[in-house]
Amino acid sequence: MKPRSVAIVGASGYSGEELVRLLLNHPHVELAAVTSRQYAGQTLAQVFPKFAGHPRSRTLRFTDPNADLLAKQAQIVFLALPHGVAAQFAVPLLGHGCQVIDLSADFRLRSAATYKEFYAHDHPAPDLLAKAVYGLPEFYRAQIKSAMLVASPGCYPTSILLPTVPLLRAGLIKPDGIIADSLSGVSGAGRKAEVDYLFCECNESVRAYGVPKHRHLSEIEEQLSLAAGTPVVIQFTPHLIPVNRGILTTLYFAPKQHFSTAAEAAVLGEKISACYREAYANEPFVRLLEGKALPDTKNVAGTNAIEIGWRLDPRTGRLLVLSAEDNIVKGASGQAVQSMNILCGFEESAGLV
Amino acid sequence: MKPRSVAIVGASGYSGEELVRLLLNHPHVELAAVTSRQYAGQTLAQVFPKFAGHPRSRTLRFTDPNADLLAKQAQIVFLALPHGVAAQFAVPLLGHGCQVIDLSADFRLRSAATYKEFYAHDHPAPDLLAKAVYGLPEFYRAQIKSAMLVASPGCYPTSILLPTVPLLRAGLIKPDGIIADSLSGVSGAGRKAEVDYLFCECNESVRAYGVPKHRHLSEIEEQLSLAAGTPVVIQFTPHLIPVNRGILTTLYFAPKQHFSTAAEAAVLGEKISACYREAYANEPFVRLLEGKALPDTKNVAGTNAIEIGWRLDPRTGRLLVLSAEDNIVKGASGQAVQSMNILCGFEESAGLV
Amino acid sequence: MKPRSVAIVGASGYSGEELVRLLLNHPHVELAAVTSRQYAGQTLAQVFPKFAGHPRSRTLRFTDPNADLLAKQAQIVFLALPHGVAAQFAVPLLGHGCQVIDLSADFRLRSAATYKEFYAHDHPAPDLLAKAVYGLPEFYRAQIKSAMLVASPGCYPTSILLPTVPLLRAGLIKPDGIIADSLSGVSGAGRKAEVDYLFCECNESVRAYGVPKHRHLSEIEEQLSLAAGTPVVIQFTPHLIPVNRGILTTLYFAPKQHFSTAAEAAVLGEKISACYREAYANEPFVRLLEGKALPDTKNVAGTNAIEIGWRLDPRTGRLLVLSAEDNIVKGASGQAVQSMNILCGFEESAGLV
Amino acid sequence: MKPRSVAIVGASGYSGEELVRLLLNHPHVELAAVTSRQYAGQTLAQVFPKFAGHPRSRTLRFTDPNADLLAKQAQIVFLALPHGVAAQFAVPLLGHGCQVIDLSADFRLRSAATYKEFYAHDHPAPDLLAKAVYGLPEFYRAQIKSAMLVASPGCYPTSILLPTVPLLRAGLIKPDGIIADSLSGVSGAGRKAEVDYLFCECNESVRAYGVPKHRHLSEIEEQLSLAAGTPVVIQFTPHLIPVNRGILTTLYFAPKQHFSTAAEAAVLGEKISACYREAYANEPFVRLLEGKALPDTKNVAGTNAIEIGWRLDPRTGRLLVLSAEDNIVKGASGQAVQSMNILCGFEESAGLV
């Protein structure tokens, strides 16, 4: 199989860097171009010494981003850019016939109005919203196969949607009153020179932020509403934790079926277990924890896996579900590569194990 | 004022060490004895070099714990021991007329049955339960003044009760459906040689534990039930976070008063604000955040302060309250010293600023 | 005693913040003014919530720096500014009769030529160099007493000079071939929004920098030369370590006296021990480790202490000396306050224990 | 090519775990057995959830170690055991015809007397010392090819020998007076339940240990002496740093050729550069930094690479060389796999990229 040529626009942020890592080592693609205004002219190896062991890193140089040029270099273009900016590249690239996998929020929503509500500016290319596919392979695999524009999900949404959607679809939980409490590593804030993310401001610090209306709520709620068949509004609290990578999400659900004894919990537990197994038993990147272990970000760091574990609490009648993922891999670049694999007909885990 | 003589039983754990720090520098007490089977014979300065600047640390030696001897040395004895063991020292010390401030869970509950349910053994001294005072000064100041036995609260309970009790007492929130999601530094696990708490097992790791029935639920629910005047059952999820110190708790409440617009939220917000101000405006260690800032453990590390901030979410109709404390200070040893100050008639913040 | 009024120019960096902490709690001073262009108009409590427990923090507001105004407000002014800028404030403040304690490098050197060599611009006020006193109390206590301008030493120089100068003065080590290998916490880089000091760039990273000619060499070598009575050139390698605070320095010396057996080492060891004891036995902030323990930054974090320990290696004939300090306290702001205490005739440890 | 069957004895420590990771994903081997007394009976996936994505991890169970059985299961056996214990397995395994790659110190030295001096007990199998090959592929590739017993080097020795040996062999530096100052992540202490390595004891702590005669000196000096053709004694100071992985070593050398000007430094620099290039230009895992960048452990974490950078200091006449490696990969398990690849005739980087 001839390798597919790919490019990364915005390759110097944390998601961009992780795309570089994954695509340099991918068996079926050739990394044809990486862009960065800041590092234009330098090789990958100069900017990221950790990739210097890969021969391609010593020849491939960052360039200024140019859609026309990129369209000549690459069949598939990954956009690792801020929202608003991503759309400006997506439009001409699609026009040139490229397939675009966008890691920004620009094409994740179906509604331009919701986009404006959460991102505080008009959508730059509303016509494309209907054509974009939400790049969560576990739910949109078929659509991704033939997509020209994949909107790769946000890190928090991935950590929330994968544990929640199967339960909603199966009608096992009430769509009301869902709470998602998420803990994210600092790479989620991006490689931005801001005082808030300096080592000494994050180390030995634990804090919430973006409360109560974080932007990711828009795509989370849109997807949950689709799964539930009814509008879903959730409570979402993100926290910043002093680790480089990882999101741990704790979800609080009200099961539709009442339970207050161990016996009733066991019956319900069987259904939950069956629901998750049906959804994920054959998924290469979803790991269901069925024993005593609970999800831990260190088990997934550097991998495209998401761990999901759960507990029923007969004292409160609630179902707790916990998930752990690497925010930069399954929460961003790994998932984008997974979508690319589907798009290209590669084995879905190619370059991801 | 002649200094009061105090002793610490179990002075080599993290809470014991922090008691040493606070009591060495306390203006009105003399640290008369510190015990530790492991370090018996060594000076404080040898075991804890960081205290070596204090002259007393170079003469005071750890001894094996002996209640009879301690009763001769100290008027007030702090117990920083595992549950079960603490009661074994409290009984003879009280018999000798000492005042006891116990940092373990042994005397925090009013019900021996609840103790057995959560701690899995019979209570070692059930007769004392009625005599013990729950050492949360903000709520039990009057009782602490004349107590012989103070049961200093757990770290998680402190972080949950201080934000919750005033709202329950004022009838502003429903006593049902409360969720407390807590993030704790690793010192909360104690200075125990266990693989789970090794640096490499905790660093770059975020995980929940003790789900869904952590032992601290027993005292949290007992106190909340007293505040609400009705039995309260909550959902509590503790997580382990790679910081040395600090607990951040995120609380999810349902206000009794419905609100769904910004105007309604403003009205309700005034009530919440007033409720907290009434409860805490004169409290030396409770810091109400009224502006944009949210609690952050780094703002309270090393201090006896607890930060409390809150947000109303008109989208969900929920009230979010966040608190940050140092688990070893306000969550343990600082609070114990605060109780001692009350007990002895010292200024409440003596040795704590 | 009427409190002395003090001001801090540049109070929002890490050294400035630590000065705030120390001076707010100092028994003999009143913090009269704090400046910060960025935060002008905000209270201390708003910018640094952790100081909110101190009443003064809720009334004292940051102002734009203005030397004329500061001279009216304060008798003593601390400058926590970048080099070059500090001198611009020192000149008018001294003209107004203020005593100035400068934490920058501007007045640490006696030679304007050396300044230019290391700081790459002409000295902004060379006439003042002869009037400034190097604020290392252990060596310049007498001169500090009557100084108008104290040049508080750098963090690395403090960690190197305190262990080295007594040995050089006593002629126990050769002035040639000294190596200082230092490991610093990230706060040493200041509260600057630069990518290199983001959490994810420092966490899980260990690296050297400023090799081989770091600016601090200028003051280190000037002071060592004075102590040795002969020009001293040393090798100095600073490293960045993922901790908030602390410098650990490992020094490699060649003793003048040859030794290669345990017996010879014991004889020499007695001399070294005596030398250090003579220099530091009565120093409140120098802690000599004489047993098995080696210096550890966690023993000095948050304190003005420096730990010094040493080993003779009969295999190599070398003397290893290790020191640990808090780079922001003994390495910066604590030491500056110590100088102020001397200057004002306060007890030297006032506000520092 | 039929896969080679391999086993790991002591697979639950940090080196063992990393061997599992590397061998599970190795294209030419099958992991036939893993032993651990503590986890016998459990699957790899149960003990290490992070490997659960690999099918083999769900079927392969830890067993009690048994040399006779292992010899039937595996052609190549990795020993990740404490020194002293490793030899007890090596002897029978070699007797059964297995090839043994030992990660302990048991076979790294040629001299049983040196072993006894540094490890404080008689060598358990002195006859094997002459047969063992020191598993540093860059220097012993030819011998490894036909070895039955490979003694894989220690983590510190690897970080010191790779930068030093070429310079000694080329006669560019004096063999006297070498200093190696090393900073290691906490995984180097192993997965041992000891208080010293708890999160709270290591986080926010920087300290030296094992000064001045760390056990690794024995193999370092033996290898350096072989390279220099004369006995070499060095100064070595290991430090513990709060990162999971990585060793940064700073080496201080005296070049034989005197230099004190930039011009002289440039001439000497050419020779050093040429020396390193000759030694390592074709080495897959040695990365020579020739520009402004200095080694950083984050560039090598998780990889088998070692970064080497250097600076000449005309002020002191010294050559500084810095290296960065992952202590568990190139410093332990990765290097062991590299040796296995050589032994088996696989591509040397198989399973290591």
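Letters are used for the chains, namely A, B, C and D, taken in the order the chains are written, and counting of residues starts over at 1 for each.
Keep this in mind: a residue touches a chain if its C-beta (ideal position, glycine included) is under 8 Å from a C-beta of that chain, and two chains touch if they have at least 3 such contacts.
Owing to the predicted nature of the structure, the values given are computational and were not obtained by experimental measurement.
K.L.:
Touching both chain B and chain C: give me those chains, sorted by label.
P.N.:
Intersection of chain B and chain C contact lists gives A, D.
K.L.:
Quick check: more C-beta contact pairs at C-D or at B-D?
P.N.:
Pair with the higher count of C-beta contacts: C-D.
K.L.:
Once you find the CA centre of chain A and the CA centre of chain D, what distance in Å lies between them?
P.N.:
Taking the mean C-alpha position of each chain, the two centres sit 37 Å apart.
K.L.:
Once you find the CA centre of chain B and the CA centre of chain D, what distance in Å lies between them?
P.N.:
About 46 Å, centre to centre.
K.L.:
Distance from the CA centroid of chain C to that of chain D, rounded to the nearest Å?
P.N.:
Spacing between the chain centres: roughly 39 Å.
K.L.:
Quick one: which residues in chain C touch 2 or more of the other chains?
P.N.:
185, 201, 203-204, 242-244, 296, 298, 301
K.L.:
For chain B, which residues are in contact with chain A within the complex?
P.N.:
179, 181, 183, 185, 201, 203-209, 211-213, 233-235, 237, 239, 241-246, 248, 250, 252, 294-298, 301, 311-313, 315-316, 318, 320, 322, 324
K.L.:
Over in the complex, which chain A residues touch chain D? Could you list them?
P.N.:
Touching chain D from chain A are residues 25, 46, 49-50, 52-54, 204, 284-285, 287, 289, 291, 293, 296, 298-303, 305, 307, 353.
K.L.:
Which positions of chain C touch chain A when the two form their complex?
P.N.:
14, 185-187, 191-195, 197-204, 242-244
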